[in-house]
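Inspection log for the structure reproduced underneath, given as C-alpha cells.
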Amino acid sequence: SDLHKRELLCIFGTGDLGRSLGQRLLQTGYRVVYGSRRPHSCGPLPPGAQVMSHTEAAQLAAVVIVCVHREHYDFMEEVAPQLKGKVLVDVSNNSKKGLYPESNAEFLQSLIPAASVVKAFNTVSAWSLQNGPSDAHRQVFLCGDKAEAKQAVRELATRLGLSVLDRGSLSAAREVEDFPLQLFPEWRLPLCIATGLTAFFFFYLLIRDVIYAYVEQDKDISFRIMVSLANKVFPIVSLIMLSLCYLPGVMAAILQLYRGTKYRRFPDWLDHWMLCRKQLGLLALGFAFLHVLYTLLIPIRYYVRYKVTIRENKTAVFDTTSAWRTDSYFSVGILGFALYVLLGITSLPSVSNALSWREFSFVQSKLGHLTLLLCTLHTYLYGWNKFLRPSTYKWCTPPGYMLCLVVPSVVLVLKLLMVLPCVDRSLGRIRQGWERTGPEGEGTKPLMA
Amino acid sequence: SDLHKRELLCIFGTGDLGRSLGQRLLQTGYRVVYGSRRPHSCGPLPPGAQVMSHTEAAQLAAVVIVCVHREHYDFMEEVAPQLKGKVLVDVSNNSKKGLYPESNAEFLQSLIPAASVVKAFNTVSAWSLQNGPSDAHRQVFLCGDKAEAKQAVRELATRLGLSVLDRGSLSAAREVEDFPLQLFPEWRLPLCIATGLTAFFFFYLLIRDVIYAYVEQDKDISFRIMVSLANKVFPIVSLIMLSLCYLPGVMAAILQLYRGTKYRRFPDWLDHWMLCRKQLGLLALGFAFLHVLYTLLIPIRYYVRYKVTIRENKTAVFDTTSAWRTDSYFSVGILGFALYVLLGITSLPSVSNALSWREFSFVQSKLGHLTLLLCTLHTYLYGWNKFLRPSTYKWCTPPGYMLCLVVPSVVLVLKLLMVLPCVDRSLGRIRQGWERTGPEGEGTKPLMA
Amino acid sequence: SDLHKRELLCIFGTGDLGRSLGQRLLQTGYRVVYGSRRPHSCGPLPPGAQVMSHTEAAQLAAVVIVCVHREHYDFMEEVAPQLKGKVLVDVSNNSKKGLYPESNAEFLQSLIPAASVVKAFNTVSAWSLQNGPSDAHRQVFLCGDKAEAKQAVRELATRLGLSVLDRGSLSAAREVEDFPLQLFPEWRLPLCIATGLTAFFFFYLLIRDVIYAYVEQDKDISFRIMVSLANKVFPIVSLIMLSLCYLPGVMAAILQLYRGTKYRRFPDWLDHWMLCRKQLGLLALGFAFLHVLYTLLIPIRYYVRYKVTIRENKTAVFDTTSAWRTDSYFSVGILGFALYVLLGITSLPSVSNALSWREFSFVQSKLGHLTLLLCTLHTYLYGWNKFLRPSTYKWCTPPGYMLCLVVPSVVLVLKLLMVLPCVDRSLGRIRQGWERTGPEGEGTKPLMA
C-alpha cells in the first residue's frame, strides 16, 4: 500500500527539537524512527513514531537528522559504520559564538567522513515547528559539500513548508551556525552614532541652557531636562542622522566622478556606511517620532499652563510675520514628518519587496531627499532671524539647532550640484559602464566586456 | 513540437474559480480541458481551453481539478470509471462550518475510492488568480493520502507561483476546509478580556466620577464621558493587558522551577494564554494609541479652553516639584509609548521573519519588560502623593489607576525575582533539559536522551 | 569526486550583473565559466570562475545566461552554431519603455532560432545578489516557449533562494521587461484624484475664507493658508477619497442586482476603479494623518496663543451642550482615525497575507464601512447647527465640509439599502451564481455548469 512507499527518516535525539521535528514530519506524511541511547525511557514521543537504538535506527533510513548537542557527538563514532554513505543533517546550535575551533557540522563531518553532512534547520525552533509556520521563522539556511545530499534536504525542507536558501559548501557552516546567535549586527554602528550624538548634544544643551541659567541668572530650571531639553536633543539627532543617511550616496557619486569609473571598489568604511543607511534612517525616524510627541505635549505641561496664566497681563500686538513664520515652520515640519513616516513604511520588508527596483529607488532617493529638504527648512524657519542676533550665542556657543544644520546643508548643496545637467550626464554615463581611461583617449567599456 | 509535450489538465466546472484557474494554468504553459454538464452552453471560457463532457475530459488528463460545489458531487459517480487511478483535486469550500459530517474531500474520496483525492487550493480565490499573486494570498494548504498524488499537486501549485504547506493525510481536510471560514480565532479571548475590562472600568469610573459628582455635589458633568472618562478607561485597560502579556511567561517559569523540569506540559489554560500573548499585546497597543490621541487633544477641548479663561484670576506660585513630576510623568509615558510602538512593529510578520530567534526574543522579552516598567512608572508618577490622601478615595473606592497598578506591579516584582542570579541559574539549567528527579539524587537528562 | 558532478553554467558578459550572478552561483555550488570578447582583459571575476571566448564557453554548458545589453546582441550570431539546442537565459532590461519594436528576449530568439530562449532574472539586481536576498527583491518572473528550458531555469532560480513566477510563453517577455521600469502605475489614478480634489478645495476655501475676509472685512488673514486652510483641505479630501473607496463596491452590487447576474463583466471604468481602491484608501489615510497632526498642533500656534491671551476679558457661561458636542466630535474622530490606521495596517502585504479570505473581507468591508460612518458622523458633528444658519453661506457658497459630506452620505445610504434583508438575500443568491434569466422563467445556473 501507499504507506509502505512513504519515505522513512531517522532522528537521533528525543529532545524538544527532535520531538517537534518528528511530529511535523509525521504530519507531512513521512515515517519517522528515533534513535536513542535509552530507547525504553526517553519520554513521550509523537504518536506513530518508533524508537530504537542509534545503530538500528541508522540502518533503516537514508537520511539521519542529528538533534543532539555537539557535546554529545562522541557517541556518533560508534554508529559510524551504519552511517556510511548516508545523509547526516546537523541541526545544532551553540549557546555562544566562538566556543569551538570549527563549526559543529564540520566537526560532525570529521567524525564520520564516510557520510555526507548537510547543515540545515538550525534557524527553525521547536516552537515554530509545533505551532505551524504561518507566524514563524520559515527561512532555512543550508550548506554542505555533496550536491545530492543537499538536494535531499532541500526537498525535505520544502515539503515542511519552509523556504530554503543555499549558502554553499560546508565551510559556510560557521556562518550559518552564527546566524541565530547574532544580535542586530547591522544596527550596532547606527546605534553607536545615535548614542554618541544624543550624549554630546544632551551635555552641550545642559551647559548652554540649565547651567547657564543657574550661573548667569541664578535660576533653577533643571526640571526642563525631562521635556524641553529632550525635545531639543531628539530633533537635532534625528536631522543629523537623516543627513548621514544621504551623505554616503553623495560621497560615492563624487568618488565615481573623480575616478571616472564605477569599476573600482569604494573604500571599506564607505561600503560599510552605505550598508547601514536603512538602519540610520529608521533610528532617525524614531527620534523624529519622539520629537513630534514631545512637541504636541507642550500645551498640557504644567510649566506651560502656568506661563499662560501669568503672561496675560501684558497686551501684545498681533504680528502677521510671526504668524506666517510659525505656521510655515509647523506646516513644513508636519509635511516632512509625514514623508518620513512614508519612507519608514516603504522600508518594511513586505512593502519594499512589492516595489519594483525603480519604485524603490524613487521613494528612497527622490522622496528621501525631499524629506531632508523639508526637515532642514523646518529647522531654518525655527531659527529665522536668530542667526544674526548676538544674544543667541550664550557663552559664545551657537544653539544646538545651528550646529545640527551643518551636515544636512552640506548634503543638500552637494546633491544640488549632482543634479546639475552636466554633472548628472557624466555620472549617468559612468554608472552605465563608461570609463574615462586617461590621456590615451576616451575609451568606452560596455557591460559586455 | 513542444506544444504536444505540455501537460494537459482537466477542470470540472466552469464557474468563477474554474475559469480563473484555467486561465492561470494556460498562462503558465499547461493545456486545459474543461469537463461540463452542458459543454455547448457554459459561457465564456479562457481562450485556448477546450470544453467537452465530463467523461471525455476525464479520460484525457491524469489530474482532474474539481471546481464544483459539494452539493453537485453526485454526478461524479457516473464519471467514476474514467477517474480510476487519477489524481482528483478537491478545491471546494463550504459556506459554514459543520454543515456536513465529513469533509468535502473525504466525501469525494468515498464517492470515487479508485482515485487519489488531494485537497488543495481552497484558500486561493478566483480574484487573486486573475490579478496575479503579488498582492494576494499565496499560501496553499495541501493534504491527501497518496504521496505521488500530493507531489503532482505540489508541483502544479509551485508552478503557479503559490507557496505550498503540506498538512498531512486526507483526515486533515476538515481543518483545511475550515481555514477560509475562520474569523480571528486567536483574537477571540483577548477581545473578550479587552471588552470585559473596558466595560468594568467604564461603569466603575462612571459611578466614581459622574454619578458621585451628581449625588454629592449636585453637578452635571456627564459630558465628560466622551473624552475624560474614555481617556481614563483606555490607559487602564492598556496597562492591564500589557501586563497580562507578560504574566503567563512568569507563571510558566515559576511552574518549571516548582516542578524542576520543563518536560511536563503546562496546564491547558496556560498554554492557551501563552499562545495569545501577541494578540493581547497588540490590543494593549491599540488602547495606548487611543490614550495618546485623547491626551494630546486635551488643550483644544472646549471645556479645557473655558477653564483656562476662568482660572486666570487666581495668581499661582510656580512649584518646581510639580514641574519635575509632571514633566517626568509625560517623558516616561512618551518613551514607554515609543517602545510600545517598536514592539508592535517587530510583531509585523515580515519584520519578525527577518529577525533571528535571539533578536526576536531580545525585543519581545527585554524591551517588552522595559516597556511594562516605563508604563507602570508613568502611572505611579501620575498618582504621586495621591495614594496617601484620603480625599482620593471617594465613596471608599480607589481611583481606577490604582486598581490597574496591581497586576503590572506583581508581574514586575516576580520578573525581578526571576532575574536574581540564583533563580536565573536554576531556570537556565531546567530550560536546557536538566531535571530535578527527587530524593533519589540529582539526575541530568541531556537533550540527547 | 562530487566536484565533477556539479553543474556547469555559462555566463556571457562580465559586467556588474554577470559578476554578481556568477559569484552567487559559485556559492550555491555550481561551476561557472564566463564567455567574454576580451577574455584576457575583462577585469576581476569571482574566484573559482574561468573565462574564455564566447564560442568556447558556450560549448561547455547546457545553459547560457546572457548578461549583455541588447545593443551588443549582434555578436551572438557568430556564436549561433554553438548555441544550438541550448537554453539561453535573457536577463536584460532596457532603460526606457518602447525603445524597440519587440522585446529583448524575442529579439534574441529571432537571432538564434535553434536555441530555447527563457526570459528571467531581470527583476533581480546585482546589489541584491551580492548582499543576500534577505532584504532584497526575491521575485523572479519567467517566461519562454519551451517547457523543459523553463524548468531548468526555474530550478536554477529556486536554488538561488529566489521565488519564481511563471508568466507563460515568450510573448509575455515585453511585460516582464517593462516591470522593472514601472513607476507606481496603480497609484496614478488615485494620485490624480487626490491632487485634483486638493487643488479644487484649496482654491474654493482660499476664496471663501481669505479673499472673503480681505474683500468684505478688509482683513489680511493670508497667514492662515499654512495651517488653518491646510487643516480644512486635508480632512475634506480624506473623507471624499475614503468614500470613493467604497462607492464602486456599492455600484457593482447595484449593477449586479439590476442585471440579475454576476456573469456579465463590469464596465471597464468600474473594473479599473475597483482595482485601485486600496491605493485610494491609503492616500485617504495619509490625508487623515496630516489632519490629525495639524489639529493636535493647534494650541501651540502663535495665532491661537495670541487669541487666548486676548479673549480672557470676556466672561463666558459654560455651555454643557457645547461640551457634549465638541467632546463627541473629538471622540468620534479619534475612534474613526484609529480604525482607519487599523485598516492601513491590515493592507500591509505581510499582514493581509496572514489573514484568511473571510478575515480580510471582514476587516476591509465591515470595519471599512464603520470607519466611513464614524468619519462622516465626525463631520456632521463638526457642522452641528451651522447647516441652518444663513451666515454660514458666505457669498452664497456652502463651507467645504458640507460639500465633502455629499459622497459619503450617498455611499452610506446606498450601503444601508444593500444590507436590508430582502436586497441582501437577492444579492447573496446572485453572488452564488444564481441568474435571473428573464421572462422564460427563473433559471438557476449552478457553479458546476
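By written order: A, B and C. Residues from 1 in each chain.
The rule is short, and it goes like this: a residue touches a chain if its C-beta (ideal position, glycine included) is under 8 Å from a C-beta of that chain, and two chains touch if they have at least 3 such contacts.
If you want to know which protein each chain is, UniProt gives these names: A, B, C = Metalloreductase STEAP4-like.
Quantities reported herein were computed from a predicted structural model and do not represent experimental measurements.
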Would you identify the shape of the chain contact graph, picking one of line, ring, star, complete or other? complete
Same-site or different-site touching of chain A by its copy chain B, using the half cut: different
Let me have the rounded angstrom distance from the C-alpha centre of chain A over to the C-alpha centre of chain B, please. 25
Residues of chain C that touch two or more other chains sit at 134-135, 139, 296, 299, 308, 312, 348-351, 353-354
Which residues, counting only chain C, touch chain A once they are in their complex? 2, 5-6, 12-18, 26-29, 36-38, 42-43, 67-69, 71-72, 75, 123, 125, 131, 133-139, 159-161, 179-184, 220, 222-224, 226-227, 230, 286, 289-290, 293-294, 296-297, 299-303, 305-306, 308-309, 312, 348-351, 353-354
Contacting residues of chain B [partner chain A, same complex]: 134-135, 139, 145-148, 150, 154, 163-169, 172, 263, 275, 278, 292, 295-296, 298-299, 308, 311-312, 316, 318-320, 322-324, 326-328, 330-331, 334-335, 337-338, 341-342, 348-360, 362, 433, 446-449
